[in-house]
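Look for chain A in each of the two complexes below; its partner is chain B in the first and chain C in the second.
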Partner chain A sequence: MNWLKIKNLQAVPLSHIPRLATDELVENMLDQIHTGKRLVQFFANQSGKDLALYTVLADDADSFLVLAAAEVPRSKSFASMTPSAPACHLFEREIYEDYGIMPAGHPWLKPVRKGIAGIEGGEESYHFFHMAGEEVHEVGVGPIHAGVIEPGHFRFSCTGETVHHLEIELGFQHRGIEKLFIKNRRKPFFLLKLAESIAGDTVIGHTGAFVNALEALSGTRVPLRAESIRAIALELERVAVHLGDLSALSGDVAYLTGHSVFAALRTLATNTSLAICGNRFGRGLLAPGGVYSELTVDVVAKIKSVVDELEEKTELAADVLFASASVLSRFEKTGAVSKKTARELGMVGPAARASGIPIDARADFPYGVYASFPVHAFSLSTGDVFARAYVRYVEILQSLRMIREQVESLPNGKIRRPVTDLRPDHLVVSLTEGWRGEIAHIAITDKRGQLCRYKIKDPSFNNWLALALAVRNEGISDFPLCNKSFNLSYCGFDL
Partner chain B sequence: MFELIRLRKKHGDQAIPDLFKANLPTHYCGFPILDESKCPKKCRTCQNICPTGAIEINPLQIDLGKCIFCAECQRSCAHEAIQFSNNHLLGAADRKLLTIATGMTAASYQETAIKARKEIHRLFGRSLKLRQVSAAGCNGCEMELAASNNVNFDMGRFGIDFVASPRHADGIAITGPISKNMAPALHDAYKSVGEPRVVICVGTCAISGGIFSGSSELNRDFFSAIPVDLYIPGCPPHPLTIIRALLKYLGIE
Partner chain C sequence: MTLIFAVFTFLIAPFLLPGLINKSKALWAGRHGAPIWQPGYDFLKLLRKGQVISKTTSFAFRLAPSVNLAAVILAALIIPMPQQTALLNFPGDFVLFAYALGLARFLLVAAAMDTGSSFEGMGAAREMTFASIVEPAFFMLIGTLALMTRQSSLSAIVANLDDGAGFAMLVKSLGTIVLFIMLLVEGSRGPVDDPNTHLELTMIHEVMILDYSGPDLAFMQYAASLKMVVITTLLANLLIPAGIGPAGAALLFLALFMLVAVGIAGTESLIARLRMSHVPQFIFLMSALALTAFAVVMFFRNGVLR
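Here is the complex of A and B:
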């Protein structure tokens, strides 16, 4: 197989990417997916008259990526891989929706973000999956949800309390981000701010992937001190959100002590981000070529004391949480996703690790400080709400240790280097491990060294279908709990 | 059991005792102070760098409804004509009042930006229930709205809460730039709230479209028909900004 073997953040000339026939690309993809490689990206790109498909697959165990492209044939169609490789289902739907390239034989070719049900014209163009039978009833929720959260539409087919099928309709948050990246490609500062707004709960994760991509394309070396500060911010983001999730999970099973205690701990983490860069979510910290905010002696001292406090209090709160019979009876065996299903769907992040797949971009495709400070991906096998909660708890402690490691060995020196021009006609794959899992950005430059395609994949893109499968045969009242245990992004998916 | 008691004791009382005295760190970007007299003639540096077009020159003005508080204008200005203070009281009851010009101070802004009205105080001063509608934001404003009601900021102490149904609500709090796909649902939610009802825009995206204002996927027709009662700028606004703006609007402060 003639695929190009690359590393995370290795900029490659477009001319080096093998061009296959579409049939060959599809055949190769299926072969590799069936022998253990994981689909990272599969997308289309139009450059002038040339319409091509690009695929990136990951070999997680051996830490490399493979890349190939194929020219789209005149028929604008290829054989859908979804029937034998379900991980492809959403990528194929996206390609069809954005470029009109037909994945022939796709079993469920419904809208991704455009023409969705619930908006004008949507109901005619797409009909929800229906179950028939006596006592079967449907429950529709959203797009506006009960809480202060993002919009999405859920439709449950139930008998009594039991959910047989959940169909998730997203796209309500669609802002056309990928198009905005290209439209504003001459305004690098605008792009930086746009990257911060892909998902406001994953500012460091997504912006990190963006600045890493620019640095790889321009050959900029980031000062070591800046890399350390970036890692501190990324781990702090993970700690903050995971704490917030443990709080919300506690709230969903009416364990109010946990709800309050973890929420207060989350505030401590977000306020540390505020102390570092002036924003509770890390906005304004990352810059192409480094970071904007210097860590002063005072801030370093504050980080150290917060890490100590968080460690002590989180351990205590988690001891009580995971020893409570009423909590465990709701967490255990609820919303289980098997390892086989997780693999078939191409799941990533803590949700995948909870189902026994120990993948983590920081460990498998190290970038920045993670090349010298290794991460051990913690996994459990039960794949239920308990596993997803417990994996988060362990990751909080891991991240706190990593933050301590970084502040204690903070290198001296500059925090920012200027970024030079981007290399023309290059492509780079930029992977980071956000708190939800693998974030994959792909940037392609044209012959003038301007961005001509910017492809974004939030981990939610891999994981939403897993939530739909997790609630099958569960009581509908367990849906909020299952949903929270995944805590997927609507805006990251909708872009 | 003993562990639980130990945990409760360690947790202590988390609520900020007096929200009116709470301040943010000095490097927090809040109310901007402008001094046009420092601007060299024909200098457009700040205007050119601003990612959301929030800055006008001749005269120098910043529109807080467009500003995402990135402070790149301050960093790029060699003449210190723009300085962001850490003052977090930014809400305004009128879109025009969000424009900041030379000579305005945080104190002078607060005097005019929100004038408490008697009828609002009478209707909602003891209890304001809001239906939050997230319309294509990035989840930043949603998180800060949720945080406003957490154990630390505890907005509920003033009788301000979020409710699940628009039928139970006194108004809606909109976040996000409003995508085409969310426009119908937003309208439905608004129509479902009983009168009298208030409309509050939380965050720069809701006020002006923010960083997404150039997107072809937005539909902001809602605002051409529906008046807005309160604007809370920020990207996202800090919970203290949200709470203090609401309190001022309700005449509690």
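Here is the complex of A and C:
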């Protein structure tokens, strides 16, 4: 197998990427997935008349990625890998939806994000998974919900209170982000704002992946001070969202104390982002080549005091939360995902770590300051709501420690360098670990050094099916709790 | 006195009770919270609003709010205020009380089923499942009290609770816990239900009135609140001793009323909601305690130890 071995953020000339026959690509992919590699991205790209499939696989333990491409045959079809490698299922559906390349033998070729209305024969001809029987009933939830949350349609097949199957329908927020990246490639500031809008709760995560990709493609070295500030912002984002999730998890089991205390702590964290860059969600902070906001002495002092306060209060609140019998009775053994399932689905992020898969892009594919300040991926093995909650708690403490390390050893110097022209005919894989898990952006430039393909993968893409499997044989009234424990993005998936 | 109590029961308490609960919960959570009279303002606001009625519903949906309310008011008339006789009392009136609440529930459930919504169907199924455990336990408790006092009207039963027998205290304590659990279940409070949630899949009571708006919703909410007041009154009756005079009884009643509100708020603040499949176990606690009270009465009053 002569796949190209690369690192995270290593720009490679397109000519170095091995071109295989489609059959060979499929065969190699299956071999590698079955021997422990993880599918990071599998997508199609049309440049001129050349329609090709690209695959990126990760070896998490040995910290390298492998890359290969294959020309799509005239038949516009290849043998589906999904039957023996379920992690491929959504990637294959996406390729079929966007380019009409048929993964022959795919068991569930449903539209990914363009809606079932668009299929041949229209909406009526799509058949949701269906159960029959006397006590069977179907419950449809959404896409319009009772709370202010994103749109998604969930169709449950139940007997009484027990869920047998959940089919999730997404795509209600499809904005064509990937195409907008190419359409507006001459407007760098627009692209930056676009990256910030991929998923509104992961601004630093996604924008970080975007600016990293640009810097890798242009060979720009980011000032050390800027790298530190980026890490502070990323960890602050993780702390804020994880605190918010612990609050919401408490709220979903009607545990008022946890609900209020964690929500108040989250505000402390988001307000620190506000102090850093003027926005609670970190918008406007990251710039290609560095950051826009300088950390003044006052801000550094504020960050230090907030970190101390958060650390103390989070530990106190978590001690109460995780010692409460009534909460544990709801969290434990609810919505469990086994390690085997998690691996098969290619899960990422805290949800994967809760199921015993200790992968973390910061640890496995270090970038920026994470190369010199290593992160230890914390994992548990039960894969239930409790594990997903507890992993979040531990990560809050890890991130707070990381922020403290960064502000205490903040390098001096510039915070931004201009980004030079992008190298022509190159490809870069940019991985960052957002709070939800591994964010994978892939950028390809054309012969004039312009972006010609921008492929985005939010961690939600890997994890949505895991939610559907997690609620099987659970009470339907526990679905909101399971859902919240994953807290997946709709717009990050819909793009 | 009767007039004061009537005004309190029907015009003040149904708004004061949820107001007090919400305020206590807010204070516990470190918030200022809505004004105590907010439920009252909401009621008046809803009465002035228009309403939307789903095209898929039939007369049952229209009928339910008024009949539900009427049935709960009927139940309220049977419950005596402390050291008073209820407006409606006759031997065996507690059967009418239980069935008035049953009728209210039937209408509520029928209207929920009428909407054809899968959520409301689930809520209705849960309501009926839990009610089928609550009702026998309630009868067991009232039957026990009737046996103890040798009376068969609620007013007479509560008037004769204090006959000096030592075990009466034990029976009353058990009865208080039974009624408090009944209050949590019938009032759709934590840890059985979550009145604050927006998640339809987890709701019981709230999901059944999801399609109501305007005055109909006001009726439904008022009836639910009045039901809680009624059970709270019955509970207070068990705890107010006979010898303290009408004024003392009224003051003690008010104190107990507030204590119940704070108790509910405390329960909801400090413990998480039960897993839906564990709720029946919690409600069976009512049956077990009522049965214990029954055994106590059988032994001491009628039985072997006398």
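Worth a mention:
Operating definition for what follows: the second predicted complex is superposed on the first by the 487 of 495 C-alpha atoms of A that agree within 3 Å, B and C clash if a C-alpha of one lies under 4 Å from a C-alpha of the other, contacts with A are read in each partner's own complex, and residues count from 1 in each chain.
Convention: a contact is a pair of C-beta atoms (placed from the backbone, for glycine too) under 8 Å apart; a residue touches a chain by one contact, two chains touch by 3 or more.
Small disclaimer: the values here were computed from a predicted structure and weren't measured.
In the superposition on chain A, contact of A:F190 is made with chain B only, not with chain C. Look at A:K313: by the touch rule set out above, it reaches chain B but stays clear of chain C. Using the contact criterion defined above for the overlaid structures, shared-chain residue A:A21 touches neither chain B nor chain C, since it reaches no partner. Residue contacts after overlaying the shared chain place A:T267 against chain B, while chain C stays out of touching range. Touch criterion met: A:I476 reaches chain C, while chain B stays clear of it. With both structures placed on the common chain, the touch criterion links A:G147 to chain B and to chain C. Judged by the touch definition given at the top, the superposed model places A:A301 against neither chain B nor chain C. Of the two partner chains placed around the shared chain by superposition, chain C is the only one that A:E161 touches, whereas chain B remains out of contact.
For chain A, the partner touching the most residues, choosing from chain B and chain C, is B.
Once the two complexes are overlaid on the shared chain, A:R280 sits against chain B while remaining clear of chain C. On chain A, the surface patch touched by chain B in one complex and by chain C in the other comprises residues 146-147, 257, 260, 264.
Partner chain C is touched in their complex by these residues of chain A: 137-141, 145-147, 160-161, 250, 252-257, 259-260, 264, 324, 326-327, 329-330, 334, 475-480. Chain B meets chain A in the complex at residues 3-4, 6-8, 10-11, 14, 24-25, 27-29, 49, 51-52, 68, 70-72, 131-147, 149-152, 162, 164, 176-177, 179-182, 184-185, 189, 210-212, 214-218, 235-236, 238. Chain A makes touch with chain B in their complex at residues 113, 116, 118-120, 143-144, 146-151, 171-176, 179-180, 183-184, 187, 189-190, 193-194, 197-201, 203, 257, 260-261, 263-264, 267, 270, 274-275, 278, 280-281, 283-284, 313, 316-317, 319-320, 323, 489-491, 494.
The touching residues of chain C, counted against chain A in their complex, run 25, 28-31, 118-119, 121-122, 125, 190-191, 194, 196-202, 268-278.
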